[in-house]
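Chain lettering (A, B and C) follows the sequence in which the chains are written, and residue indices restart at 1 in each chain.
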Amino acid sequence: MNAPVLSVHGVHAGYGAGDILKGVDLDLPRGTILTLIGPNGSGKSTLIKTLAGLLPARQGEIVLEGRRVNELSAPKRVRAGVSYVPQEYNIFRNLTVLENLRLAQEFMGGVRGRTPLRDELLGLFPDLPGKFKALAGNLSGGERQMLALACALTAEPKVLMLDEPSAGLSPKYTTDIFEAVKKVNARGVSVLMVEQNAIEALRISNTCVVLANGRVRLNAAADKVLEMRDLQSLYFGDVRAEATAS
Amino acid sequence: MISFLILMTTVVCFSAILAAGLNFQWGSGGMVNFGLAGFYSLGAYACALLMLKAGANTFIAAVGAMAIVAALSALVALVTMRVTEEDYFAIVTLGVGEMLRLVSLNEDWLTKGALGLAGIPRPFGDAVAPEHYQYVLLAISLALLAGTVCVLQLIARSPFGRIVRAVREDDVVAATLGKYVLWARVRIFAIGGALIGLAGSLHAFYYQYIDPTQFSYIVIAYAFMAVIAGGRGSNFGVIWGAAFVMVLLEGSRFLKDLIPALDAAQLASLRIIIIGVGLILLLIYRPHGFLREHRLEIDLEREGSRSGERQGQAAAPSL
Amino acid sequence: MFGQTLFNGAVTGVMIALPALAVTLLFGVLKFPNFAVGGMMTVAAYMVFALNAQLGWPLVVAAAASAVLFGGVTIALDHVTFRPLRERGGITLMVASLGLGFILENVARFFYGSAARSFTYELARPFRFFDVRMNREQAIAMLVSAIAMGAMYFLLKRTPIGRAMRAVTDNPLLALARGIESPHVIRCTNFIAGVLLAVAGVLVAMDRALEPPMGSNYLVSVFAAAVLGGLGSPLGAFIGAIIIGVASELSTLAISPNYRIGVPLVVLALILVFRPQGLFGQPYIRR
């Protein structure tokens, strides 16, 4: 049984007057992949941003490896081991590919600090070295996503959080991205993913969490969820919350 | 003492009209006019010159000044139609104000440059004995101020007023209304300009002598203070705000008695420093002014949270 | 004659370039146009005056010391004036910066009065370079600016902090998610801007005269240059400044020198109508 690397208890958060997250509880067991699905407006992106430290949690606890991290700013959380890849605008468009990677190395506090980029990392993303001098903004959607992922990984994070990694990508890149996520996870990185592309994501995941109206509605093993006939109903919160550990 | 109060109140009146102009352009319309001093001086010079060179009477001159400033304001708004970002608009108006200042300084043939224009007539100036005149001017100023506030309140309640609020509150929503909104901006800026022109005319009547030094940059600081202290967007608040700034200014004159070691120039500098500090303190601690608004107008803090939302959305648009 | 004008334009241009660069760096990181830069140049120049003419330090030493000192002053000013207003939005910050500009200019006036001053240093005769008459101040201005530009290029392109500044300019939220602490970047940006403004202040004071309105006279040109180049783009600020400088000088051949300021304004208006993002900026989606 894995102790969760990341625990979320009763988190409330929002942008304006009301709360979008109304008491979210979830655990990310170490070394697993968790996919978060749910209808639009349910708070999936808000949750990830709150966990990343870009939005303050108004109530509740966020615990990383037993340590409460609510008070840590986003950059500090990165150094504590939580890497976040936003859905859009996830690379610095006016910097080159190499500069994006260098920047990640210099500021995200990976184990090796400012050493040359590890071959393994680059091995995961074979397309990148050829494009080092290109401006990140000129890359295709799929290449940008790969770069964003690569940057997040230079921190050698304990937890990798991805907000809709396959959004807007062609099928080839979608497959590539999920392949990369699998390989990363195989190396011990725990992954929390928000995805609309539920089926493909769930295929590589251990756990599925359904978020609706700012609360967790279902927390179950991913393969069990895949078996459920009526995936639609999950999106509309008909299914009662079951806490089933994977 | 009475005399002093009457004079001060008169100054507060046209300062309030000036602030009301800025308030309408910025507080209601979201357009920051950093060239305010220049437009104000344009109003004063236009009024004075219409009387001195074209022989117009005070009423015609004032109306003419209002029209001229309104026209220039409309032109500026037209030229910057494509530019809805407040930053850029502020920079442009700063430049326009600067140009106007230079014109008043350099075009001697028209404005007598640094010498200024003297002997400016005033409304009913010949009809009333000098010792009673201050009452007349006060009455006129109060009447015009009251008229200004009435007109602004009427505008606020009108359909045009709703458009104005839409333009201010959300560029995106307003933008979907398209061209109509762009013309609304022109009209807002022009109406504000007319008020600024009116204030300038009263300034000319009051002092009867104008030169470029009266219209330095610092005018904009006073006007901003008045608008912010009274609560941005509030037509009544500007009156309060103008009074507040006047008290601050006049009060700082008494510094001379407190600190006799300073000479006049240093005191003048010190007063400006106090105004600057006051403005910043106001922005930090009392951005909504000193009055409580019943209806929540746009507030300077909500601006921040709105942009925070947009930042949040820029990072990950879907929820 | 034409060559002379071009040269003068280039000199004017480099003197506008340093503050324009400061403006664009500050804008990129702090997201608002800082109208206090005029007053800042002025105060920095008076600091040099204090060290040089009053304490008797050689000009170069006084300038270097002031530049470093003023970098710190800029950090302090930002901390006191703008940090409390960070969340409020562009106009509030602009108005505050305008107020700060007034304060700074009048602090200088308070201590030093309105009379024009000058630094103490060896005077030299102007010399001729081909057909162009150059005085030593102008030569120094070109040289110093070139060095400053080179240093800035190196900083922005080749150092981690420079990359971090560019990253924050590009996408502040992502920068946070990539481990870049914004207070640190803000401090560094303010320091660099302060140094640039101090150096610019010295050059302008040497070329024109040291008096309280010195800096604010430059405001319109500086902003026109920054906007022309694209707010947030350092290269753009430099090129914009040269264009404005040369255009301003060339215009004196046709119109009265008193209206030289009209040129930056017209350029600004044209840019904003036809290409608001400037030469190198991005079409700006207002946060």
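As a working rule, contacts are C-beta pairs under 8 Å (C-beta built on N, C-alpha and C of every residue); 3 or more make two chains touch, one makes a residue touch a chain.
Everything quoted here is computed from the prediction, not taken from an experiment.
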Contact-richer chain pair (by C-beta pairs counted) among B-C and A-C: B-C
Query: Could you name the chain whose CA centroid falls nearest to the centroid of all protein CA atoms?
result: C
Inter-centroid spacing, subunit B versus subunit A (mean Cα positions, whole Å): 51
Task: Could you put a whole-Å number on the gap between the CA centroids of subunit B and subunit C?
output: 29
Statement: The distance between the C-alpha centres of subunit A and subunit C, rounded to whole Å, is 42
- line: Expected list for subunit C, residues touching two or more other chains, is 173-174
- prompt: Out of subunit B, which residues touch more than one other chain, so two or more?
  reply: 305, 308, 312, 314-315
Query: So which bits of subunit A are touching at least two other chains?
result: 54, 86, 89
- prompt: So in the complex, which bits of subunit B are touching subunit C?
  reply: 26, 32, 34, 79-80, 82-83, 85-88, 90-92, 94-96, 98-99, 102, 105-106, 171, 217-218, 220-221, 224, 228, 265-266, 269-270, 272-273, 275-277, 279-280, 283-284, 287, 300-301, 303-308, 310-312, 314-315
Statement: Given the complex, residues on subunit C that touch subunit B span 32-33, 35, 81, 84-85, 87-92, 94-96, 98-100, 102-103, 106-107, 109-110, 113-114, 172-174, 216, 219-220, 223-224, 227, 231, 256, 258-259, 261-262, 264-265, 268-269, 272-273, 276, 284-287
Message: For the complex, give me every residue of subunit C touching subunit A.
response: 160, 163-164, 166-167, 169-171, 173-182, 282
- line: Touching subunit C in the complex, subunit A uses residues 52-54, 73-76, 78-79, 83-86, 89-95, 99, 102-104, 106-109, 151, 155
